[in-house]
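A, B and C are the chain letters, set down in written order, and residue numbers restart from 1 in every chain.
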Amino acid sequence: MSTAEAIRLEDVYKSFGETQVLRGVSLRVAPHEVVCLIGASGSGKSTLLKCVNLLEPVDAGRILISGQDITSDGVDVNRVRRRIGIVFQAFNLFPHMTVMRNITLGPEKALGTARAAAEAHALELLERFGLSDKANEYPDRLSGGQQQRVAIVRALAMQPEIMLFDEVTSALDPELVAEVLDVIRELAKGGMTMLIATHEMGFARDIADLVCFLDEGVIAESGAPEAIFTEPSHPRTRQFLQRIVDAGRL
Amino acid sequence: MRKLLVLTASLVLLAGCAEEPSNQPSSSGGGGDKDPCAAKSLSTVAKGTLTVGTDRPAFEPWFKGSPKAYSGYEGEVATEVAKRLKLPIKWVVEPFNKAYAPGPKDWDFDINQITITEERERAVDFSDGYFENNQGVLVLEGTPVAEAKSISDLEDYQFGAQVGTTSLAFINSTIQPTAEAKVFDTTNDAVSALKNSQIDALVTDVVTTVYLRDFVVKKSLVLGQYPKTEQFGMVFEEDNPLVECVNGALQKMKSDGTLEKLEQKFLQQYLEVPTLE
Amino acid sequence: MIGGRGILISSASTIIFFAVIALAVALAPGSSLVAERFFDPYHLNRSLFGTVTTPSVVGAFVLNIKMFLIAEVFILILALVVAIVRGIPGPVFFPFRAVAVGYTDLFRGVPLILVLYIIGFGLPGLGLKFFSSQSEVTYGVVALVLVYSAYVAEVYRAGIDSVHESQTAAARSLGLSRWQAMRFVVLPQAVRRVIPPLLNDFIGLQKDTALISVLGPIEAARAANIYAAEQFNYGSFVIAAFLFIIVTIPLARFTDRLIERDQRRRRAGAAL
C-alpha cells in the first residue's frame, strides 16, 4: 500500500438516476502535483471532484486519500473532509457572516481551534492574498473576484492536504479572473496538491503538471500539458481543443 | 385627469347608495283608526305577524319544546302577548349581543331573561317587567363554601358567572370576593367549571340555579337567593310604538291572573329557596 | 414639473377618496346612532378604566400581553425542535419524524377553540395530581403553544428548505457535521428568511389570546363584552380593538426594518 499518492481513484462509477456520469474513472495525483481536468460541460468534472470529498457517494470503485480508502464503510466523513479543501464555481460564502467569520467557522467548530488563534491565522491568510481590509465586511460588499479569493482562503484555513477547484473562475467577469488565478498559481508554487477543473486552457497549460481530458465519463487522454495541447492523440481530445481554438480561447 | 374623474364618479355613486331609505317599520293609516294597537294598524316588522327573537340554544324552563312554537315560561308569555294582539307569532334566532346593536331589527321584540336597567334603557326600549328575578348561588355539596350562612361568609371563594348576565355585577358589587370572578361564554361552561372545582360557586338567576341543581349538577345545593328585585323585560328598538301595545297586553295578563298562572306552571318549583342575607 | 403634477394628482385623488367615504358614512341615516353605540366618549372612558361592576379593559389587556409574550417564547422553541426533528435523515430516526409529522397534522387540523376546551375543561376533569390543578391561564397558554407551534414549525421548515443546498454543501465540505452545518449556516439564514410569516403568526397569536376567555379568565375582549352587555353599548369593543392595534403596529414596523436589513445581506454569498 503505497502512500506516495495524494489522491487515487480506481475505476470510479457514479450515476444520477438513469444517467451515468462517471463510467470508470481512474486517476492518480502525487503529493504536490497539480492536475488539471479539462472537458466539455457535462463530462463529469464537477461530479468527479465532489466524489473526492465525499459530497457525492460513489456507486462503484475506490478513492484513496494518502493511502486511506475513503469509500469503505465506517469512514468518518467529516474527518476526511477536513483534510480536503474545495472551492466551488458559485463561491458559496455564508452571507450572514463576515469574511472573518466565514473563515474561522471551520477551524473553530470542526477543528476546535481557539477563536483568537483562528482569527490570527485567518488574518495571516487574508494578508497574504491582499484581502485583510475586507475582514469585517459581509460578502455582499465584495466583488466576485474578492469573494472567490475569500472562498479559497476559507478552504485554506482548514490547512488541508489537498485542494480541489471546481471551475472557480467560470462565474466571474473576465477582468476578475486574473486575480483568482494568481492565487491558485501561488498555492501551486507553495507546493499544494491540487486537482483543478477548469475551462481556462492557457492557465492549465501554465500551471499543470498533468492534464486529463474527461470525455463522457472517462479520462480519454492524460499527459503533460505540452503534449496534450500541441499534439493530442485521441480524436475526441483533438475535436474538443479545436473547438476551443476556434472560439479564440487558446 | 380622466382617471381622477372616473374615481370621483364611482365614489359619488357609492355615496348615493348610502342614502337609500331604511326599512323602518312604517306606520300605516293616518287618521282612521282610533286604536293604534288594533291588529290592522300595528306596525310590525313582518306585516300581520309578531316576530319574536331569542337566543339559541334556549334553556329550560324559560323555553321548552320546538323552536317553531316555544312553550316554557318566556315562550308562553310571548305567545300569549301575541294572542292578545291578535297576531300569529313567529320565532327567530338572535344572539344576545346583537339584541342591542344599533339600527333596525329583524324582530319586534327580543325575550331572553334580559334584566331592565337604567343604563340599558339609554340604548333600547324595554317593556314593563314580566318576571321578578333574584340571584341564586349554586355550590357543590360537602365543600367548605356550602357551610356559608350569609353573604359576608363568601368573600374568600372563587365565583363564576355567565357573560352578559347581571350576576357578574351582583358578584362584584354585593359579594365583593377577593379573587376576580371567572366569566364563561355559556352556563354549560360555568357548570363544567363548577363540576371540576375550578370555581367554588356559580351565580345566575335563581330559576336557572334551581334547575341546575335538580337536573344538571349532581350533589349540588343552592345556598340561597339574594333579592335584588330585578325585572325581566322584553327588548325593543328605541321609540318603537309597539311597546305601548305590548305593555297593554302584559297589564291585562297581570290583572286577570294569566301571568301568575304561567309562573306557577313553569317556575314555581324553582322559586322555593331560602333567602341569603 | 412632471413630478410636481404627479404629487398634485395623487393629493387630489386622496382627498376626494376619503372625503367621499366620510360623506357617505356621515350621511347614512343611522350614522348618529352608530356613533353613539360605538364611539360615545362617555362609554369609551368608563370601559377603559372599569367600574364597580365591570372590569377595566386595559387591566384585562395586561393578561393578553402576558399570555402572548410567554406563549411566543415557547412556540418559537418548540416549533424549531419539531421542524428540525422532521428533517433528521436515517431509518433509525423514523419514529421521531413520524411523531413530528403527526403532531403537526393534528394540531393544524383541530381548531384552537376545541383544543382549549379539551385541555381547559378536560384535564381538570381527569383528576390527575399535577395536570389537573393548573390555572386556566396555564391551560390556555399550553393550548396556544401546542396549536401555534404546529403552524410555526411548517414556517421554519419552509425557511430551512429555502436555503440553497449549496450552503450545506459548502459547510459540510469544511468538515462540519450535519448538526453544525444546520446550526451555524442553515438555521440562521432560514430564520431570517421567514420573519414575515413568523410575524404573521405572532400577530394571529395576539388576537387568539382572547379565546382563552372560554375557560373563565377575563381578558380584554371578554371585559369589553361584559361592559357591552351591561350597558348595551359597544364602545368597550372599540377600546379593546384599539389596544390590540397599538400593540400590533410597532411590531410590524420593527419587523419591516429587520427584513430590510437582511435583504441587503442576502444578495451575496453565491452567484446563484
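By definition in this document, a contact is a pair of C-beta atoms (placed from the backbone, for glycine too) under 8 Å apart; a residue touches a chain by one contact, two chains touch by 3 or more.
Note that this is a predicted model, so its numbers are computed, not measured.
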Inset, instruction - Name the graph shape formed by the protein chains and their touching pairs; answer line, ring, star, complete or other. - result: line
Inset, instruction - Indicate, using Cα centroids, the chain positioned nearest the centre of all protein chains shown. - result: C
Inset, instruction - Could you work out which chain's C-alpha centre is the most distant one from the centre of subunit C? - result: A
Legend entry - subunit B and subunit C: spacing of chain centres that average the CA atoms, whole Å: 36
Legend entry - For subunit A paired with subunit C, centre-to-centre distance based on mean C-alpha positions, whole Å: 48
Legend entry - subunit A-subunit B separation of Cα centroids, rounded to whole Å: 82
Legend entry - Shared-contact residues (touching 2 or more other chains) in subunit C: none
Inset, instruction - Can you check the complex and tell me which residues of subunit B touch subunit C? - result: 1, 4, 7-8, 11-12, 14-15, 17-19, 21-22, 96-97, 100-103, 117, 119-120, 122-124, 160, 163-166, 168-169, 172-173, 180-185, 189, 192-193, 195-199
Legend entry - For the subunit A and subunit C complex, residues of the former touching the latter: 53, 55, 78-79, 81-82, 84-86, 88-96, 105-106, 109-111, 138-142, 144, 147, 154-155, 158, 171
Inset, instruction - Within their complex, state which residues of subunit C touch subunit A. - result: 166-167, 169-177, 180, 184-185, 188-189, 192, 264-272
Legend entry - Partner subunit B, residues of subunit C touching it in the complex: 9, 12-13, 16-17, 20-21, 23-25, 27-30, 33-34, 36-38, 52-55, 121, 124-125, 132, 136, 213-218, 222, 225-226, 228-234
